[in-house]
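What follows is chain A paired twice: with chain B in the first complex and chain C in the second.
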Partner chain A sequence: MNLAEGVQIVSFGILAVMILTAALGVVLLSNIVHSAFLLAGVFLSISGLYLLLNADFVAAAQILIYVGAVNVLILFAIMLVNKQEDFSKIPGSLFRKVATGVVCLGLFALLGTMVLVTPWALDSTSPAVIENTIIALGEHFFSDFLLPFELASVLLLMAMVGAIILARRDLIPEVSETTDTVTTSLTLPERPRELSSIGNVGENN
Partner chain B sequence: MQLEYFLLIAAALFCIGIYGLITSRNAVRVLMSIELMLNAVNLNLMGFSNYLDPTAIKGQVFTVFVITVAAAEAAVGLAIILAIYRNRETIDMEQFNLLKW
Partner chain C sequence: MNSGIDLQGSFIETLRGFGLSPGLAKTIWLPLPMLLMIIGATVGVLVVVWLERKISAAAQQRIGPEYAGPLGVLQPVADGIKLVFKEDVIPGKSDPWLFTLGPVLVVVPVFLSYLIVPFGQNLNITDLNVGIFLWIALSSIAPIGLLMSGYASNNKYSLLGGLRAAAQSISYEIPLALAVLAIAMMSNSLSTVDIVEQQSGYGILGWNVWRQPVGFIIFWISALAECERLPFDLPEAEEELVAGYQTEYAGMKFALFYLGSYINLVLSALVFAVLYLGGWEFIVPLDHLADWIGVSETTPWLQVLTGSLGIIMTLVKAYFLVFLAILLRWTVPRVRIDQLLDLGWKFLLPVSLANLLLTAALKLAFPVAFGG
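Our next item is the complex of A and B:
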């Protein structure tokens, strides 16, 4: 990164403030749709930090995968389970939140002191950054990280199959009693739950 | 720019993720908190990759793997939430007590 030092400091400060406020908004806001959009803000700001860390390919992958795939998936899940329920009060929820906040602040203090105290073996002898990180990453992927790379593809396949199996509706145990409905060969044998809940299925046949 | 700045902001993001993971009652928000924590870990890996290992960028390779696993986790987790919502008609985490004695 051939930016000046001051530009890096200022952009890091702006990105840090954006990350922390958006993350707090994700956790603390009551409307979950606002939380989902703030989560996109967190992902975009983290991608900006990756650009400050001389990693252009991972920044692009972060935007593509997190903002483009994961966040859209979360928005679809919010849309599919969109039931405006007000959660019933449980006793001691305020104490629970306060205790969790104290524990999290303590963990942050612990991690912060660890980060500040530890003498990091900084590699100051080689200031030359890699010009093309895509080539370097590709060499890693196809030489010494080949097995994890292939395992990642198998993992993605398994996750896709598992998500489809988990999210599809239940099978109909008996199909024979609905003989008058038009059944094409392309429909999956699933229970039409939303149609039967509407109630106008009976008039059609 | 120093390594400690990135590590501190990653630690703060991780702690915010833990707070949301424990206190939130909406199940989708729990998944969003898990994504926050995974991003904090990614930020740590990228910081170490840039400052301690700038020639062989193995931290970026690990970050790509973590992004892959996070995408798979998000897909399966949201499918599980959808299945639970079909069975229990709620997404309140306090009512998912099937495995509680």
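Our next item is the complex of A and C:
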């Protein structure tokens, strides 16, 4: 075993432990902000795994998109809507937890058998050293993966249009303006428009 | 094309001459450039701090630091030592883990980004295929550290400052990345060495500044915003937010923020020099000059000369940009937060998209000049 292989095995072990502990922390911690920060740790460790697989561009993109954009947005949302709320005791919480555990273990067993059963055909002449991964990725995007690539962009466009419509409420015709019964159960926590329109009806618009 | 001096190759050859195995020789070599780069970056920060004090003083017709060492050059060292000896205060009811981890997350990615800065053909830590993209990706980790320290401080000014810092950093990352993308399109590569190579051969006329006049302004504005330099230092605007996310920090944790911001400034200046000012290239093409006076490219003294000239040129360009940034600090007033976000989203983003389209069109129309 030479130096490179030793470093690979050791860093794989470290990354695997980091991913598992951080992911468990995301699920089990009660402080939601800690969970969100640990999620960034999970994403960072996964990008380390990509580096071990010689996928340098994917690793950098993982950091840029998941850590730099997705996770920051999650944190933003948590910090802007930081509602301190004590969870009330739900009757039968023990049963719920046991049921959740059973479902999770079942999923784990399913995935585990899938991993063990699948014949992982490791190509002996595997593309271990592609000279330039960006060029290889680009070629795949515009040949055999063209449809998924374009569909992903359509999906993002739909999400963006939806977000803009949700944010600009003047685009939606307001029909429920006249009703006095304001239900807060299904509304977003911050909607200053409605609060102001309750106070002075007819001033807005 | 000769590749200049190859320190790694000759170092490993020398060690093998002493009877070591190649693997061991490589292992001994590996930490050396990294250590050198970290020390260089830290010393660079000390120089920038001194420059900032001196130039600020000159801009306000003061003298600035003058007692610590000749011309006050030891003043930053004194500042650093003072910060080391300060008490490490963790405010009550804060989150001690996140409070400690925040500054670390801000500083480490910046140091990591020095991985891609080239000072010569072979004078860099490593020549990555994703080079400049790695810098953009790593710089996107910093907002998490800022949010973390803002949240953990248990202080409303800190929280506001952290949120502002993250919003600013996200907004200006997009025009920055689009400006870099135009360069990558012209260079057909993301590697920093390739980007400099593509500008070489014509001296100062070949630099990307002339081919990307809009791009370099966008890049400079965005880089200043990413570094939170003064026209855009809203996250720590002292009149509004005390000191933003740094309010509760003292001692070495504050020093990490301080170090991080200056090191980021130097890094941005270095990347700017690499992307737009021809990196290690001299004002006139040295290869042709050597040919002209009849010296072979492989002459050892010429290689040492071009290598050291490359390092000096990179540093001169970077510190010229740092000087510009310091001057801007004392001449331009701070923008408001809404003006900042307007500038980023409504002006820089469309302009950088148009710049990208224009570059693509020019690349198709004039492949000779725009790297076809």
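Assume the second predicted complex is superposed on the first by the 146 of 205 C-alpha atoms of A that agree within 3 Å, B and C clash if a C-alpha of one lies under 4 Å from a C-alpha of the other, contacts with A are read in each partner's own complex, and residues count from 1 in each chain.
The rule is short, and it goes like this: a contact is a pair of C-beta atoms (placed from the backbone, for glycine too) under 8 Å apart; a residue touches a chain by one contact, two chains touch by 3 or more.
Given the structure is predicted, the values throughout are model-derived calculations rather than measurements.
Participant: Superposed on chain A, are chain B and chain C clashing or fitting side by side?
Facilitator: fit
Participant: Between chain B and chain C, whom does A:61 touch in the aligned arrangement: first, second, both, or neither?
Facilitator: both
Participant: So, does A:51 touch the first partner chain B, the second partner chain C, both, or neither?
Facilitator: Neither partner.
Participant: Kindly classify A:134 by the partners it touches after superposition: chain B alone (first), chain C alone (second), both, or neither?
Facilitator: second
Participant: Quick one: is A:79 in contact with chain B, with chain C, with both, or with neither? Answer first, second, both or neither.
Facilitator: Second partner only.
Participant: Examine A:69 and indicate which partner it touches, taking first as chain B and second as chain C; both and neither are also allowed.
Facilitator: both
Participant: Counting residues of chain A touched by each partner, does chain B or chain C come out ahead?
Facilitator: After superposition, B is the partner touching more of chain A.
Participant: Quick one: is A:40 in contact with chain B, with chain C, with both, or with neither? Answer first, second, both or neither.
Facilitator: It touches chain C, and chain B stays clear.
Participant: In the superposed model, how near does chain B get to chain C, counting Cα atoms only, in Å?
Facilitator: Minimum C-alpha separation, chain B to chain C, in the superposed model is 15 Å.
Participant: Pick out the shared contact residues on chain A: the ones touching chain B in one complex and chain C in the other.
Facilitator: Overlap of chain B and chain C footprints on chain A: residues 57, 61, 69, 76, 80, 133.
Participant: Any idea which chain A residues touch chain B in the complex?
Facilitator: Contacts found on chain A: 5, 8-9, 12, 16, 19-20, 23-24, 26-27, 32, 35-36, 39, 42-43, 46, 49-50, 52-55, 57-58, 61-62, 65-66, 69-70, 73-74, 76-78, 80-81, 83, 85, 87-88, 90, 96-97, 100-101, 103-105, 107-108, 111-112, 115-116, 120-123, 126-130, 133, 136-137, 140-141, 145, 148, 152, 155-156, 158-160, 162-164, 166-167, 169.
Participant: If we count contacts the way the header does, which residues on chain B are in touch with chain A in the complex?
Facilitator: Touching chain A: residues 1, 3-9, 11-20, 22-29, 31-33, 35-36, 39, 42-43, 46-47, 49-58, 60-61, 63-65, 67-76, 78-83, 85-86, 89-92, 94 of chain B.
Participant: What residues of chain A sit close enough to touch chain C in their complex?
Facilitator: Against chain C, the touching part of chain A is residues 2-3, 33-34, 37, 40, 44, 56-57, 60-61, 63-64, 67-69, 71-72, 75-76, 79-80, 132-134.
Participant: Which positions of chain C touch chain A when the two form their complex?
Facilitator: 23, 26-27, 98, 128-130, 133-134, 136-138, 140-141, 143-144, 147-148, 151, 159, 163, 166-167, 170, 173, 190
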